[in-house]
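Chain naming follows the written order as A, B, C and D, and within any one chain the residues start at number 1.
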Amino acid sequence: MTTPDSSQDYTASEMMTITAARLLKNGMSCFVGIGLPSLAANLARLTHAPDLVLIYESGPIGAKPRVLPLSIGDGELAETADTIVATPEIFRYWLQGGHIDVGFLGAAQIDRFGNLNTTVIGPYDQPKVRLPGAGGAPEIAGSARRVFVMLRQSARAFVPKLDFITSVGYLDGGDARARLGLTGAGPVAIITDLCVLEPEPPSHEFVVTSIHPGVTRERIVAATGWPIRFAATARATEPPSEAELRTLRELQQRGGAAHGEG
Amino acid sequence: MTTPDSSQDYTASEMMTITAARLLKNGMSCFVGIGLPSLAANLARLTHAPDLVLIYESGPIGAKPRVLPLSIGDGELAETADTIVATPEIFRYWLQGGHIDVGFLGAAQIDRFGNLNTTVIGPYDQPKVRLPGAGGAPEIAGSARRVFVMLRQSARAFVPKLDFITSVGYLDGGDARARLGLTGAGPVAIITDLCVLEPEPPSHEFVVTSIHPGVTRERIVAATGWPIRFAATARATEPPSEAELRTLRELQQRGGAAHGEG
Amino acid sequence: MAERMSLREAISGYVTDGATVAMEGFTHLIPFAAGYEVIRQRRRDLTLIRMTPDVIYDQLIGAGCARRLIFSWGGNPGVGSLHRLRDAVEHGWPQPLELLEHSHAGLASAYVAGAEHLPFAVLRGYAGSDLPRYNDDIRFIRCPFTDEELAAVRAVQPDVTIIHAQKADRKGNVLLWGILGVQKEAALAARHTIVTVEEIVDDLGAWPNAALLPAWIVSAICEVPGGAHPSYAQGYYERDNRFYQAWDAIARDRQTFQAWLQRHVLDTADYAEFSRVLGETQAVAGAEGTAAP
Amino acid sequence: MAERMSLREAISGYVTDGATVAMEGFTHLIPFAAGYEVIRQRRRDLTLIRMTPDVIYDQLIGAGCARRLIFSWGGNPGVGSLHRLRDAVEHGWPQPLELLEHSHAGLASAYVAGAEHLPFAVLRGYAGSDLPRYNDDIRFIRCPFTDEELAAVRAVQPDVTIIHAQKADRKGNVLLWGILGVQKEAALAARHTIVTVEEIVDDLGAWPNAALLPAWIVSAICEVPGGAHPSYAQGYYERDNRFYQAWDAIARDRQTFQAWLQRHVLDTADYAEFSRVLGETQAVAGAEGTAAP
């Protein structure tokens, strides 16, 4: 990684995407949702992890999009994939079958044990906000070898108690997840625009392990709905390199142009 | 059908194949095993049922072989099929899914209720003759809308009691099959080299309903290991037409030539 | 056996009030034209099944066709909410909408069970999730060999499945390729299947092991070029991402939505006229620099 | 990640005494060359899984490699019995063979369960059959929704699956087409997968939705042209029906079989030499008008 130009400007969102991309190792198979996860995974593929295998729930295996897809099933994914299988096969043979190294999830709400809500704000039968729902998340959360969560940090999203558990992290902590008999290890990192959080054994409560440049601990505390803790070993996130930033921006420009933005 | 030339010679085996072919109606979907069923189904396709859909358990759907296959998965089947699906799909989506009008089965032993043995002669653990086993038969017997059985008639094959029930007909008769909750109606005809047998309600015991030309009742009785009965309405099987015979023989010649016989 | 007919005939023949209808297509090959025709024929009380309701079900729900929705992800892909779906769920407008909610893995498995003529499917799923508390079609069973606990979902068996495909031949064999979603399963699980296609050709030119639906499991074939717009048909046209983005503004407001529906769907005779009117709207929007589809 | 190696290395690295091995290919693409190499390396006590044991398992069983067979149809397709299989079952020669016997639908479903990482699969099957009395891996369960009784089969999960395919590319992505059997399921269900291929190419030229196994789920790729003979490889060579017919006479007799095995397999160094020797035998048989392969 080249030394970043310290005068260089980048957004918190860019730092978040680049941090997530760095967690992906070359050769991993990665089950990608649309939006930030897709952006991060493609950034990794175009920088340090050229053989990262991208799998989209719509069926493409080994997609290598030149332009970021807007939807989970854009033609670009189909045309650049090694092959495309039917949706039941993606979920039953590939994800449940145990062939996914990393699942990428987002959420509207997350709690301190990495449980996710993408279903509803308010009571299920009297929703304040009806969210899109589960999608692939519950089984990605259960069956991917490990899960990364990407989520902008705010007290509205990082809540003490979820209105609805759509997808499990560590439930109420300790060995609660282990007792479910899930085949995947669960969420191993939450990547936000402020920091990285990782589960601390044995409780599996998420604690801050890496703080993005320029972010204060106070700001993280204010953006978290529970009394967030910082790992003793918490370090500073390495700022984006010039190459990371350039590749990310090119990727976004190509996507924006293709989808009629700007 | 043209009037047969009465001076025309044909074998009992040809009569059997032609009789089976006549039972297949145009447009039916037919799950075909290798050997006589494949011969009969292709004869039907080349005579009165051009749109008969042949499905082989190896995966081809809508096969239109120009040459009779020797094995259930010959390249000829693959190359002439509308498409080829994987074997689990053939059994789970197409057969179990309820899309097969006719299943064609053979056997080493059959009993008066159309139950079939293709597993073993003698005790299972101390076999006198180990037969090939079940193959697709148990589920064809259960899930095809109706089943035709093709079998050369002899007291060794038409037995009072099977050594092993591989695939069910009507079990011990009456409503025994209905109580199994199977989705298919079961065997509706046994076509032999001597006659055609059909199940007689309410017992579902098979009785002779059509006798091939030149065959005596005594011969049928001698070739059956149980006290076979003749339907009051039993009629004479119509002899092969010239067109049926010619098409059948051409089909067999092409097969023999392709498989290195003669 | 596949019968060739107009989309109007197919919908009026097979989609009845109160029917359970699946219109599938995962982002790709979504049968929008068929959806408009269902709205145009003012079908009511439908149970709609679809993994990703997408804009097509936002339209049907907003038009008041649906009583119940079986689904697994209800957003406008890459854009945001489905406002008509939300309005029905949050405010009961234009009528209440009963939800039966799955995960993708669960609903895909339920389609597989339907295609396999099994009453249920087994999966590793829903463990620890609140979804089974609100959906009685998700239960838990034990493995008869290992005693392990696994999820079970009830099969879905639509009265009618409607899909869009690239091609059919004159016999009615249907070929699709690219992102396949659960179309084959939805077709095989249904009592009747309507297929709209981009074109009808003499020879499909299918490669080995192609995703082909034989004519004899299809009820109706309707030639409706462009019938998947604003989703896409690989090899024919791309996804109209601008339409999806513009839909957000149209659907956010009840009046805007109703005006759009009246002008484009209810006041047009068929999909050809719909396309003509939509083209006019888009030309005006383009000239004004606004984002109407 | 797929590693390219010789067949000898692949078998010696992945197939150990006592292992559970599936060699699949439904009539088409049967990995015969790999079978010979297993015999040549004198592997013992294998549990062999295969829907249709075919001549490949007749050879392995006759050679004394197998302790147990999981199968659904054990004949010489289009010809008759597998005499070595029968001799092992009927007379315990060269050693007893334990059978675990399914129907095709049952074993195909067991592979699916293996690929899906489920401990069992559900099917409408075996009702009224005696098979479940002799195979404890077939049981009956009840639907948690309808209470209907259905069959359940235990998943098969091979230590090693060996398949033959038409092509791999230099990265190790594998393409097969034509009759696919249960190869994909067997590969995904296994801990390790060995793939022999007709050729390794720069570009697979795969069409949409092709049956492709990505390099990252394959353990070893071995280039073995002709490696499916006497079965066939669509696009490369046809089924050698004469071999299947001639096999009947060879396998019927223990001594003939052993002489054939010694000369063609045990006394040859690899598949290339095997093919050379087999060519000589066949030339002599052809000149004499006899039916030796």
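The working rule: a residue touches a chain if its C-beta (ideal position, glycine included) is under 8 Å from a C-beta of that chain, and two chains touch if they have at least 3 such contacts.
All figures in this text were calculated on a predicted structure; none of them were measured in a lab.
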Every chain in contact with both subunit C and subunit D is listed here as A, B
Distance in whole angstrom between the CA centres of subunit A and subunit C is 28
Here the gap between subunit B and subunit C, centre to centre from mean Cα coordinates and rounded to Å, is 41
Expected list for subunit B, residues touching two or more other chains, is 78, 84-85, 92, 96, 143, 183
Touching two or more other chains in subunit D are residues 116-118, 123-124, 148, 178, 180, 184-185, 208-211, 234
Each pair of chains that touches is included here, namely A-C, A-D, B-C, B-D, C-D
So, in the complex, the side of subunit A touching subunit D is made of residues 27, 29, 53, 61-62, 78, 82-85, 92-94, 96-99, 143, 183
In the complex, subunit D touches subunit C at residues 116-124, 137, 139-141, 143-146, 148, 150, 152, 154, 177-178, 180, 207-211, 234
Listed in rising order, subunit C residues that touch subunit B in their complex are 1, 115-118, 173, 184-185, 188, 206, 208-212, 214, 216-217
In the complex, subunit A touches subunit C at residues 34-35, 57-60, 69-75, 77-79, 84-88, 91-92, 95-96, 115, 119, 124, 127-130, 132-139, 142-143, 164-168, 171, 177, 180-183, 258-260
Given the complex, residues on subunit D that touch subunit B span 26-28, 51-52, 71-75, 77-79, 81-82, 85-86, 89-90, 101-106, 108-109, 111-112, 123-131, 134, 148-149, 178-182, 184-185, 211, 232, 234, 238-239, 241-242, 244-245
